[in-house]
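Two complexes come next, and they have one chain in common, chain A, joined by chain B in the first and chain C in the second.
So, the complex of A and B:
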């Protein structure tokens, strides 16, 4: 086997580690991306019986964003099994208790319920902030591109850009500045 | 020319008691309300100031009627805070149509976009004085990040 072929062999069958920054990302849009990397769907050698999934490290899950008022419209259901044991938790209440849970459930629910799902979830590593242990971070070789760009806050824009930005509205002549 | 005019007015002023001001250009009447505290006396006065935007105006925006979407075909999102903040007072209030000069539909749309940006916490420095400013300190579910879809605007 030539050297090039050997490298290709390693690249094909080794487990790659990806990192994904969840800041201002919709968890349900990101879950589709993360799921395909977790299961190895993007690989040409993919087969349901082929164990070719990668590891994905999700950071900043506390900073996820939901559209509109979905924080109060999305409900997570749980039943203890006893009569009257049903409970409904709003997404923001769940996120307050455990900032990784909304993201974790989004990825879990994006996959089909089969015997592989629990094992695939073992390859997902979630962190509420950007404090990732060193032994995990040194495995990472790829960053997954995020679908949504992070919006810039007006008070975080530097003074020079603010002052030189072209204006499209001037005050009328009798205006009182406020 | 102006120096000659000034000289002429000065001579006129010295001779006649009541003098009207002579100016070659239209004076800007934009005012700023300033408060001063002097020995138990609070002075509130309106001072004529130069418009802070006069030098940075876009050329096509100097028309009487200008809408960013109708005239330039700009697709403005609620994250474009540099544009949206121009239509807003320092307390976060949307300016009326008399001042913004937008068409009816754009005024409604711009108002919605400003509301979206404020709810998403992108313009926390343009807010009433009692505001906590930091979007992370908001109550309940409002403290978490949220974004809006422009397709939900009705106009």
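So, the complex of A and C:
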């Protein structure tokens, strides 16, 4: 193999690092997106026997938004293997214990259970907040666009904008605002 | 591919050491013809040995030919190749024409072709005229030197207009119209 061809090979199979902001995102919707980047499904060279998956850095996993009443209805099962070792943890309890776990399990469960799955998961880097180590951040060359836009919170809007915001109607003087 | 082919070797068709470019080395090294002197199933093999085998051996001095008579057994062709492979082939009830065709096949191939699953049914020396794909192909120039994580790069590309945005737009339009009307009134008064 000539030098030019060797470099071509490196370029084609180069691992890209992606970053994904989980703020206000549905973990199960995001997991499909993250999975396709982890496995390299978005590449034209993809083949199941071809090791072309990318690294994905997930930040702000503490800020994920589960749909509906999933925080109280979703249950994570674990069994220690001993008799009576079964345990059921609600999603909000798991999230309190480890804020990266719900997102990690969502990505893990979105992939098919085969021998490759655990190796693919090694390429996933989860962070509860936006504090990412410098040596990881310097590899990142792409950001994955989120499927949902982040709504702006009322207490985060500055006071001037809020006062100048057009009102549909004025409250009557004797109206009690709670 | 079925379960019976799980251990079948797979690969691409290739000539060892560019065989046939400039010089040709016959890859078949040894051939053994096993047959029975009495049995009817060996009749074609016996005919072949009687009529064609000496010519074959003279034409191909690079191939060692063994002839092995054995009682009441099926006639068999065994070829051994330069790459160490050994191919066994039953010639039960074959005619001498069939046998000479099979031997010709063994002579011209460079290994047992039936024990290799072809990974692809096509071959090209020029896989792509545009050049192979790389992850850096067709990347937006904005991505150059951008700091991550960034808020702009995280936003979804197409978002439908929200009710709030629609209201603000209506409000702006209303204000514009009002100011234009005031402007018109002023102009009229000036004209008077």
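Going forward, the second predicted complex is superposed on the first by the 160 of 178 C-alpha atoms of A that agree within 3 Å, B and C clash if a C-alpha of one lies under 4 Å from a C-alpha of the other, contacts with A are read in each partner's own complex, and residues count from 1 in each chain.
FYI, contacts are C-beta pairs under 8 Å (C-beta built on N, C-alpha and C of every residue); 3 or more make two chains touch, one makes a residue touch a chain.
Remember, it's a predicted structure, so these values are computed and weren't measured experimentally.
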What's your read, chain B or chain C touching more residues of chain A? B
Identify the partner contact of A:66: answer first if only chain B is touched, second if only chain C is, both if each is, neither if none is. first
Look at A:166 in the shared chain and tell me whether it touches chain B only, chain C only, both, or neither; answer first, second, both or neither. both
Go through the superposed model and pick first if A:11 touches only chain B, second if only chain C, both, or neither. second
So, A:153: does it touch chain B (first), chain C (second), both, or neither? first
Given the touch rule stated above, what does A:77 touch, chain B (first), chain C (second), both, or neither? neither
Let me test your reading of the model: by the given contact rule, A:177 touches which partner, first (chain B), second (chain C), both or neither? first
First (chain B), second (chain C), both or neither touched by A:88: neither
On chain A, what residues does chain B touch that chain C touches as well? 148-149, 166, 168
Residue numbers of chain B touching chain A in their complex, please. 26, 28-33, 46, 49, 51, 53-54, 56-58, 61-62, 66, 68, 79, 81-83, 85-87, 89-91, 98-101, 120-126, 140-141, 144-149, 152
Contact set on chain A toward chain B in their complex: 24, 26, 63-72, 90, 92, 95, 148-149, 151-155, 157, 161-178
Show which residues of chain A lie in contact with chain C when the two form their complex. 8, 11-12, 14, 16, 19, 21, 43-45, 59, 130, 132, 137, 140-149, 166, 168
Given the complex, residues on chain C that touch chain A span 131-136, 143, 148-150, 153-157, 159, 167-168, 171
